[in-house]
Each structure stands twice: as C-alpha cells, then as structure tokens.
C-alpha cells in the first residue's frame, strides 16, 4: 500500500519529456518532487503562471508571486506570467498536456466529483470544472476508499459532479487503473503487497482485471 | 464650399476633451491636424496602438511602427501597444468615443456603404465593418456628390453595405447633417456661401430643413 | 494624454452607491485593491454585489466588507477561507453564486471585448449547467455564458501612468486586467503612479482606454495567505 | 525548460505540405514572418489556404508566394496592394474570402482560447452575414463566427527564448500573438533568440506553451509600405 508520496511518485512516471502539466492541490502537488531526471516539464498554475518553481528560500517570499493554492513560490528561467483569461484560454484550448487532480469520487465512465458535499459548507469549484472539461489527459490522485471505508471508485458518483466522462486514469494507494472508453476501471497495476482481491473489495464500480496484474515499479 | 481640409476642420470641432478617436483613411486622417488647442484626444489605430503621434522625422522611420493606413508614424508619451484582438475588443466594447470615416454612400436611416463596388476589384472591408457595427458615435466625412454628379446621401444605399443604421452625422463640402432616429438627414449647417437650395438639389435622400440653417463657423 | 488621476481611494469610489455591482481584482489576497476596499468599508456602502474570484479572509480583503455586512451577494469561484463568510452564508444573510474560475475570467474578458456571450465546456453535465443553453460544436458540448455587466471594476496594479495605462507585477496580475476591461467605470490603484511616457508602450498590460480613474495607493500590506518556504541547504 | 529551437526556416516548415491551412502574422508588411515565407517559396509547396490580414505586395511578403502560384485561397480583411493578386483573382486562379478585420482577429483568439465560436456585430445586415446565424443580445444583433482551424501558424516576434516565449516590438505585434495561440503547430521566427530567463516573465506577450518551434531568423528586410515623414523645421 502506498502513502501519499508513493501515489505522487507513481504518477510522476506518467509524465513525458516536454509536458506542460497542471497540478491540483493535495497529492498532485507532491508529484513535482518526483519528476524523473532528464524529463523537462513546465508546471502551469492557473492563477497565471507557466514555469512554477519551488518554494522560495526563507525571507525571499514575494506576496505577488503565488500559485493556485495561494502558496508562495518562485519562477524559473523561461517562466511567463499572464492573466486569468489567458490561463484558462490555454487550458480550454488543450495546450496543457496533463492535468493531475484529487477527487472525492470517480465513476466507471470517467465522471468526477470533487467540489461539493451536500449539507457541508461549499467552498467552490475554483478552476477544477474548467480543467476537467478541457484537459486532454487527466489523472486522478486519491485514496481508494474514504474515511468511512467506502469505495471512491463507483458505478456512478453520488456527489454533485465536477465533470463528466473526462477522467482517463486513477492512481490510488492500492492501484493504477485506466478508465475504459466503454466504461469500467481496468486494473493496470497493484501497489506493492496489495492483492487483486483486496482491490476488488475496495472498488465499488466495475473492475476489469486481466489474468496477470503486475505490481507497480516505483523506481 | 469646403475643401477636404475644411471638412476635416469642421469635424474636428465635434471632438471633446478626453475623447478616444479612431480616424479612417482619407479626409478623416486630416482631422488630426485641426484638433483645437486644449482638447486632449487619444487616437486609436486599429492595427494595435492607442496614442498615435505624428509622422516621424525623415530618417527616423521605424518599420515596426505603422498605423492602419500602413504609414510610418510615432508614439507619444502615454501610448500603448496591443494585439489585433484587443484592438477590436476595445472597439466592440465601445471604449472608443468617436469614429470618423469616409463613405461612398450614406442612407437616410444611417446605413453606410464604403467597401465594395460591384464589378470592380474589391480590396476588402478591413476594419470598417467592425468599427461601424460597434462605435457609439460615427461621423462620416465625404463629398456630397460623386464624380458623376450623383448624390451620395440617399434614401437607400445602392452599393453593398458596410453597416446598417449606424451613422449619426455626415459632414460634406456643403453641409453638416444629422441622421434622425426616425430617418432623414437633418440639415444643421451650411458651408460658407452654400445655399439651402443647393444642398437640397445635391441630396437625394429625405432632407429635413429647419426655418433657419446657420452657416458653419470654422474658427 | 488625458489625465485620469484622482486624489485617492475616497474620491475614486465616491459614486459607488448601495446595491451596485462591483468587480474586485485579485487571487486570494494577491493583487487585491486594498485601498479601494478600505475606502468602501469607511464609506459604509451596502448591498453590494461583488464579483471576485475569492472573498478574502476574516480580517483582510473582502472579508473586511463582509464583517460590516456590506455585501449582499458574492459571485466567485472559491470562497470560505473566512469564518464570518460561512456564518453569513449559513444564516442566509449572504447570497453566493459559485462559478468555474475560467468562466469567471472569460465572462470578464467577454465584457471587455464586447462579446455578449461565450462558450465554455466548463460545467457541462454538472449543476452549473442548470438552466443554461447547451450547444454542441464538433461533437463537444459547451455552455453559453454571458458577459458580466458590472458598474465598477476595482483593480490593483504595480505601476500606472496618468493616462491610465497599467502594468502588473508577477502573479498579482491574475484577474486584474480582465476586470479592468470589464467595468463600466474602472478604478485602478497603483503602487507607483508615473508620468505618461515612463512606461514602455510594449509592456503595458492594460491600455489606458479601459481605465477611468487612477491613483497612487498607500500603506500596502500585501498579506501572504500561505507562506511556504524552503530552507537554504 | 523545454527546448523548442530548430535550425532555421527550412526545418521549421519541413512538414507544411500541399493544401495545408496556414496563418501568417503581420499587418501589411509589418511584422510578417519573412524567413518562413522565403522557405515556403523555396520549398514550392502548393494549394495553400492562407489566413492573413493582408496579402503582401507584388515582390514581398505573401506576394512572393502568389507569384509562384502557391496559394489556393486567401482569407483576409484587406488585399490587393498587389497586381498579381488581382490578376489571379480575376482569372479565377485564386479564391478570396474577405472578412472583417476584427472578426479575423477574434476568430484567431477564439481558437487560442478554446472557444468554438464568438459573437460579433461586425457585418450584420451586410453580405458578410449571408448564411450565418444571427442572434440578438440585449436588443442588438450579432453574427456567430467560428474559431479558425489552422494547421500551422507562422509568426514573427522581436525576441524569443528557447522555451518559446515571445516578445513583440511596437505595432509589429498586430495579429502575431493571436495567431500564435491559434495554430495546431505554431512556428515563431525571431530577430533575437535568447536563453530562457533573459526575458522578463511579466513582459512576455506569448507564453511558450503556444509555440512549438522557434528559430532566429536572418536578413530581415522589414520593408516599409508607406514611408510618411515630416521634415525638421
């Protein structure tokens, strides 16, 4: 079973050289720490930055330079700044190669719910609806089951949707799964030490399992 | 009767302090020479400049700095440069206070034709259709009659239209005329030495004449 | 050039009355019009409809206006870093309309570019699409979203000149340029007000034609919401 | 950062084949991709559909491609500073679609911003409106116009870095940034190619994400179409 950093590490392996990538808040942010050597990626922050760098050194924080999570960050050589309309313009026109974000629920047809729980204070969708509606390649990083032990990989989402038919891949602490065009979670890889049966039990939506499901290779 | 500079001079009197103005090619360009002292205007050039300055001094031409007529120009203190989408964005959102352009024909309901003569090589509408469709205040600068002696102020335009129901005022070598909301050219001023009868004869569309039509005051 | 300078925030917002729709630039607390917000709080204007990506925090930004019950409705993409906001929302004192961030930005741009409506796929198949026109282009569904119609836009720039030209600094640009284009009256506060000619025409982000009033602000706090750092070595 | 540098115009346009739709930046002869045009002429590629505000003059710009009969169709707002153009048009060799300049610019922007269509009042009530959907918003009619779908965009910038970021100089900016956003493959030629980090992130007009190939051009002629001057005293 993977911890959060393990999930991030596994997702980092999906990143190809030359990708422009948008990372959501939470586990996705950690992915930046595991991008393989020799792989050049440019991180987009939807508040208006391409080429997001690491956190600043203490004392060098700049209130004018933050990411979409409102964290102080830095720029890199080759960074560019733009306004919010252009930022979502490039998202909408699919110039971003990969979007990685968290989810509360994902359904077997690629729907995602990650912004609203009825009865709870709703903070808003931020840029998530724009991202999932437009991104050509979306990977969800999340826990396989919620705190109540219920599967987050469902036949149908029960929570209000963020987007429909848009998620291509899910990486959890248990598994890597592709969402098939015809519907269903195709189990691609097991986390180290996790059995197919365990994943079956933790998956409420349709799970498609091949004869041989390899264990993830993380390094 | 006015010459081209006289028409430009008369139109310049319509310009108020603080106006952003777009000047078309031909007589409208001359208007810039007659803007009264103490009146601050900013000239927009739709290829992407606010704050168009005069022609450069000989030897100081810059191939990268031209106006919509492709003439070499200069910038002024306070000028700004932008792309074509923003240029027409500000035109479309009516941030330009006054548009002055030439015409082949104007009709009594404010239609304008100024881009195409059937049977002749058509060069295109350039930015004229955008300007007339969006400008809140449009003045046409033109000759009252064409080279064949026919009136250019008509009941209906005979040439392909550039825009409908958009012209507010026409200034010719003979007269200043408002286009009434209900239709018709209201004769506001006569050019020096020009009689109302002369203007009546030169106007094919509906002319509305008050009892007393003053002569233009140009200075 | 036309001089658009006003003496300060109080004069700039003098005619923002009760019930007006105002846009406020900024992302989180980054690039917000601090001086204008203070002046609105001081003026005590009420029942405002605020279009802003976020709603500030309890003791800063739009949170200061919320505390004084000046906001009737927020139109935002992400809110609630703010206990008072949550209280007013749950008690029904405050109305909130949540819209996708890109839709928010593009509806501003649409206003500034004279486009009455735009199409975006954001929100298709979700509750955001309810009651909206859906249109299919090339096999993909889009929502038709309308341009905003705001009485005032309050933006914060780094530098500005007396002709109203604005330059933004780093990611404090965010929503400011698109809102600057979208206000019927646009008020810009700047950290440094310069003479026309001091800004390079090629570096201007917002041309002066979009800005109606400008002033040099003061006492910028520029608060940081999430101070994240690394240590040397 | 990703390195997008190619050796020159020949390599940059290597896969522009017959019948492709290409956008070419520039207004008149100002800011046109001179090197790419030369390379296309040299390559002899045919049946091109060219989206460009103008069509060059007889012996420069797109005029050079017209002379070699490489252009099947021009989509422009203003043409015909060009005798060969007129000859081909009248003889039926060349097809021309004239559209309003703002519509041209906004259809580029729409492509770059992922908006399948936009609304503009330009052309309502004229022959430009024929066959197009008209829609009324707030009492005013607008035409629905579609985003362009171009295989390649060829743009010319003043400076660019190896990550593809572009900076334009003065009014040679014109259509270049909107076309840079709109090409499926965007090729930028620049007068000066610099290392990533040499351009101020706040001054970049076109972020590198929109640019796929970049090279430092050479032998820029930068011809002036209408040399208008005044004399000192």
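To keep things simple, chains are lettered A, B, C and D as they appear, and every chain counts its residues starting from 1.
Quick note on the criterion: contacts are C-beta pairs under 8 Å (C-beta built on N, C-alpha and C of every residue); 3 or more make two chains touch, one makes a residue touch a chain.
In this text the structure is predicted, and so the values were computed from the model without any measurement.
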What chains touch chain B and also chain C?
-> D
Would you say A-C or A-D is joined by more C-beta pairs in contact?
-> A-C
Greatest centre-to-centre gap (Cα means) from chain B is with chain A
In whole angstrom, how far does the Cα centroid of chain A sit from the Cα centroid of chain D?
-> 36
CA centroids of chain B and chain D: separation to the nearest Å works out as 29
Take the average of all CA coordinates in chain A, do the same for chain B, and state the distance between these two points in whole angstrom.
-> 56
Identify all positions of chain A at which a residue touches two or more other chains, and write them in rising order.
-> 49, 75, 81-82, 85, 88-89, 91-92, 134
Please set out, as single numbers or ranges, the residues of chain C touching at least two other chains.
-> 106, 113-115, 120, 168-170, 173, 201-202
Which of line, ring, star, complete or other matches the graph of chains that touch?
-> other
Could you list each pair of chains that touch one another?
-> A-C, A-D, B-C, B-D, C-D
Of all residues in chain B, those that touch chain C in their complex | 17-18, 20, 40, 42, 44, 49-51, 75-82, 85-86, 88-96, 134
Within the complex, chain B is touched by chain D residues 27-31, 53, 76-80, 86, 89-90, 98, 100-106, 108-109, 120-128, 158, 168-178, 205, 222-232
For chain C, which residues are in contact with chain B within the complex?
-> 1-3, 111-115, 161-163, 165, 181, 195-197, 201-202, 204, 207-210
Residue set of chain B touching chain D in the complex reads 45-49, 54-73, 75, 81-85, 87-89, 91-92, 111, 121-130, 133-134, 160-165
Give every residue of chain C touching chain D within the complex, in rising order.
-> 106, 113-120, 137-138, 140, 142, 146, 167-170, 173, 201-203
